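Both of the next two complexes hold subunit A, though its partner changes from subunit B to subunit C.
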Partner chain A sequence: MQKLYSNKWVILSLVAPGLLTFIFAILAPICLSFYYGLTDFSGLGNATYVGLENYKNLMSDAAFWTALRNSILLAFGFILIQHPLAIITAAILDKLQGKAEGFFRCVYFIPNVISVAIIAYLWKFIYNPNFGLLNNILKIFGYNKEVNWLGSGMAIWSVLVVLIWHGFGWGMLIYYTGIKNIDPVLYEAAAIDGANTRTVFMKITLPLMKPVIQVNVTLAIIAALKQMETVYLLTNGGPGNETQFLANYLYKQAFSSFKYGYGNAISVVFIVICLVITVALNKMFQEKEVK
Partner chain B sequence: MKKKILSVLVALTVVASLTACSSKKAENSDNNNQKNPSTTTIKVFSNQTDRKTGQGLIEQTLFDNYMKENPNVKIEVEALDDEAYKTKFKAYASGNSLPDLVNAWGQPSFLNEVIDAGILAELNKDDYKDYGFIDGSLEGFSKDGKLYGLPRNTDVMAFYYNKAIFKKNGWEVPKTYADLITLAGKIKAKGLIPCSMDGSDKWPLSIFMNDLVAKLEGDYKTEYRKSIESGDFSNPSYKKAAELLQEAVKAGLFQSGFETSDYGTSLNLFANGQAAMYYMGSWEMSMATNPDVIPEVRDNIGVFMMPVVDGGKGKVTDIAAWNGGGYAVTANSKVKDEAIKLLNYMFKQDNWSKLAWENGVCMSAQDYSAYLTGKETAPQKAFTDIVTGSTSITGVTFNDLGTSEFKSLSEDLSQMLAIGSIKPDEFIKNLEEATK
Partner chain C sequence: MEFVGKKRKNQTLGNVFKITCLSFVAIIQIFPLVWLFDFSLASSNELFTNGLLIIPKKIQWGNYVKAFVDGNFLLYLKNSLLINTLAVIIVLIISIMAAFAITRMSWKLSPVVRNILLLGMMIPIHATILPNYQIYNKLGLTDTIWALLIPYVAFSLPQGVFLTCSFMDSIPRELEEAALIDGCNIYRMLAVIITPLMKSSIATVSIMTFLNNWNEFMMASTYLSSNTWKTLPFSVLEFTGEYSSNYAVQFAVMALTALPAVLIYVLLNKHITKGVAAGAVKG
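And now, the complex of A and B:
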């Protein structure tokens, strides 16, 4: 067996599918994107080289900056709202034990199992100002104004709620697994020393969860940047471009406005932003580990 | 021995990973060949996803009939909704693999880029001399004197209204735009939605404004094109139309949250009797026969046109109408001639035009007067009267007259104007910039 794995051809053959997939499905398209980003290609016919024109336009494109701002807003929403809640819920679940534990674990994970299309339409109906669930609930409490949840000013917050709610179960499940992996001996020792629940959570659970938190935060930020489907189906970036996100804006430019070249320029900037953030995050976490 | 097995395995892995994509295709073509060597398969790409009602039904019926008459022809349909259709159309086109007969829109925003890229086959104009296409209806599908497609319908934008609700409350069809605004207040006071509007798709808002320009300027057809070409929207009527739209929104003419209501939602508001009016095109006349629409609405649908504006030059008979959706044949199709034959068959006398009319689906772009029976639905009668009595038509509306980029920008602007996030002045300024 050892001999088998030291054979270069074997190594190559085992790596080949992955490597080829990477080259043809990721690297080559990125290079193509970079090329098309320098042209005014409409998706049909011929492309003309226009240099950095697309990138210049991008810098003065208000919608692009709104999209970027929204992505960052979502990342903060994930880190500051979704994840603290997910950790606490995971810790409580861990304490529940027995049937209740399994039941609630399932319940919290359900939104992740449902198709994004259904989630988006579900919330569209909940938010509908004329017959939506939310306004009807408000009516019961005597608030009779028809709140336009996806209207100008409100829309981005309503969208954030959906996204944070939707990704919650996934984050919680990872934290839950992390908590389950903590050695129970530590808790016993703490109990003997007379530590209360809060101290146990702050001094044992949280510190030991650090690697899990790091992974989850990285995943959350990438998910925030990549956000597309839910927004596309829920508001498609509207009203105006208020709830625009990078990936959705890219799609809109390339496929609705037939500005394929411009769309590619956005995608190149998008890749750069993602890379920078991932590298920065890795650096940040590494330094902490060294300390 | 071990080594030999190994190298075979290695070779297999590499071959498998390299051919993973192409194997499916090979299978498919094998299958086709085995079935029947003399069969011609015409692939159709359609934007009519519902094959059981409306235009999709008419399309499918014609295809089925054609296959019956020509047993050696097989028609394969792929259907997607408008937006998805346009995206996939482009993917197909850039991969040079468009199906043979495709849906197309006779509007510069869609057609110009497609024609310039040489994707569509030129049709022989003389073939259609006795097809009864109404004057100007082939214009949208023509460029530089050449014809590239055939329109399905004549589309007219109008207000549908619920006659029962109007009668019960003693309301009358508004004669002027001011009346419409006053009426909106009265309907709202009754707890109903005055007019349902599909604002998330944006184009109905653009057409609403274009409809108003027609009421302000009268016959203005050629001027829209000039404005787009020169990027000059300084005519005060454009700004006035923008102001009038904002006025309507302020008066609560549309449902709250109209900017996020999509096509289906806004249609349902009217179809369920929650809205008294509905601003939409004549293709929705089939509501009058649609079993999904509640009977109280279905049997009481009336139609009126955008009312005149005080001080405007236009009459109520200067209408927003155009010939939009239709069909074209791809230039490099392997069965181009067969596809053109099928297209011609669809629009021959007594086919599309007759079926569409008899089923109450829409008004074809051809002369359909021979098929009038007197038993038509109320909206059918109303639209026929509107079209025959029209003094001018707008043609393709301004949002669809420029490039596809202009379409997307100008429609975004219409929505932003409607929700009041930009002022009419800014709207005009941005519109002018969008033409550049």
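And now, the complex of A and C:
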């Protein structure tokens, strides 16, 4: 039996497909990115080795820092606006019984199953100065100026609203599952002690949700870093580079500005940032748990 | 008696408050979609209104006909279904094989391989677009189904392996050991004994993989050039250029393209919720 379970060839044949997929679709491209990042390749013709030139340029590239700042803004938007709302909604939903519970849960999640392509264009229409929904809502409240939501100064906030809106259902669902997993005996005990709703939420729900919140916060920060599709269709980083994000910037550099080498250098930095932040967040939360 | 009555009154009041809060959030989440559907039924001239919703003079089903025909809806829907189903099946097979080797079999490198396979979760998918474009170009894979299948499988695999591993840990070993003693080989045992036991894991992995890839269009628009393998988001992407002034038809194509996913979701609501919850909490 033990012999069967340690047969090297069987093991190899079982993990080979997974490893080959990883090597071909993830590892090889990263190595290639590293190589192209050291060249001035334009996408066509020959590539000349330029050393660390691309990386030096990147450090003094204002758009790169704007992209990072936007990721941080988005992460804060997720953590300070989307998640608190999601937790509170989940807590209220949990107290609701019967059909209404399922109905609301279903409604909240629907934007999540709709393609980003549709969501981005839909919001482009909502922000449209001529027939957009948002300006029409403002008109109802007596504000008649036509706001250019995707214009300079305003655009990044408009982008954040879309992203916070779109991801809300997902976050809500995860918190909802977390709250459902809390032992009802605890609530009963609190009710006997005469604790009110707020105390129960602050003293029981929130502390017990800590691991779920930690996972969600980690995911939110990483999602903020990786943001691309919505921005690509909504503003493509514009006006200027005001709403730029790393993924969108590297894509634009390679396919619109034909700086393929530079784009790859950004890819490499992008991967390193994601790895470092994921590892750091995991370490941080793990250490806290040990304490 | 009086006390009970007061409590009950408080409770209904509390319920009204709760429902109001939840409805407010629901309106914010769903109203843009209602607006989208409403505008898709109007004619383009009617869109420039001051109200929130339009009551069209005549419902313009023609918008949908145009969206359906000119948006290549059927072809792209078929491609989306085919590519996503294939990706799900491949992810499931590779995940179950790898998870079995990692959790059950005894070999030194097992934790290393596990971590390598999970590493993909940390790699931003868009950082591989540029080099993959070169690779697929050189290998002649651009504009084929492989240009989508390979990255879709590769980036769903880490989560698949992770979930499958944690589910596999929870199923008993007795059955498989009995089968092996009876002379069954490992591959057959995996297919006949283990896989049927993994139903809930298979459902979760399928749902997560499907949700991950169904809406993807960055890679698709980079690696594909002809219509042959384009997926559903392209109905919207191509349309906005073609009908840039006919807004009502654009609304229609968006509503139409959103429909399959929303329908599937509403029908399978319970399973999808369970799957996402299981996947997200464990992932």
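Please note the rule applied: the second predicted complex is superposed on the first by the 285 of 291 C-alpha atoms of A that agree within 3 Å, B and C clash if a C-alpha of one lies under 4 Å from a C-alpha of the other, contacts with A are read in each partner's own complex, and residues count from 1 in each chain.
We adopt the following convention: a contact is a pair of C-beta atoms (placed from the backbone, for glycine too) under 8 Å apart; a residue touches a chain by one contact, two chains touch by 3 or more.
This is a predicted model, so every value here is computed, not measured.
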Subunit B versus subunit C as contact partner of A:I140, first or second or both or neither: second
Partner chain(s) touched by A:N130 [first = subunit B, second = subunit C, both, neither]: both
More subunit A residues in contact - subunit B or subunit C: C
Touched partner set for A:L4, first subunit B, second subunit C, both or neither: both
Partner chain in contact with A:N236 - subunit B first, subunit C second, else both or neither: first
Touched partner set for A:M228, first subunit B, second subunit C, both or neither: second
Which superposed partner A:F104 touches (first subunit B, second subunit C, both, neither): second
Partner chain(s) touched by A:I192 [first = subunit B, second = subunit C, both, neither]: neither
First (subunit B), second (subunit C), both or neither touched by A:V15: second
Shared subunit A surface residues [contacts with subunit B and with subunit C]: 4, 7, 10, 14, 17, 130-131, 255
Contacting residues of subunit B [partner subunit A, same complex]: 2, 6-7, 9-10, 13-14, 17-18, 83, 86-87, 90, 93-94, 113-114, 116-119, 193, 200, 255-257, 259-261, 265, 269, 274, 403-405, 407-409, 412, 415-416, 419-421
Touching residues on subunit A, where the partner in the complex is subunit B: 4, 7, 9-10, 12-14, 16-17, 20, 42-45, 124, 127-131, 146, 148-152, 155, 235-236, 238-241, 252, 255-259
Subunit C partner contacts - residues on subunit A that touch it in the complex: 1-2, 4-8, 10-11, 14-15, 17-19, 21-22, 24-26, 28-30, 32-33, 36, 85, 89, 92-93, 95-96, 100, 102, 104-118, 121-123, 125-126, 130-131, 133, 136-137, 139-140, 165, 168-170, 173-174, 176-178, 212, 215, 225-226, 228-229, 232-233, 247, 250-251, 254-255, 260, 263-264, 267-268, 270-271, 274-275, 278-279
Contact set on subunit C toward subunit A in their complex: 15, 18-19, 21-22, 25-26, 28-30, 32-33, 35-36, 39, 47-52, 93-95, 97-98, 100-102, 104-107, 113, 116-117, 119-120, 122-132, 134-135, 150-151, 153-155, 157, 161, 177, 180-181, 186-187, 211, 214-215, 217-218, 222, 232-233, 236-237, 240, 247, 250-251, 254, 257-258, 261-262, 264-266, 269-270, 272-273, 276-277, 280-281
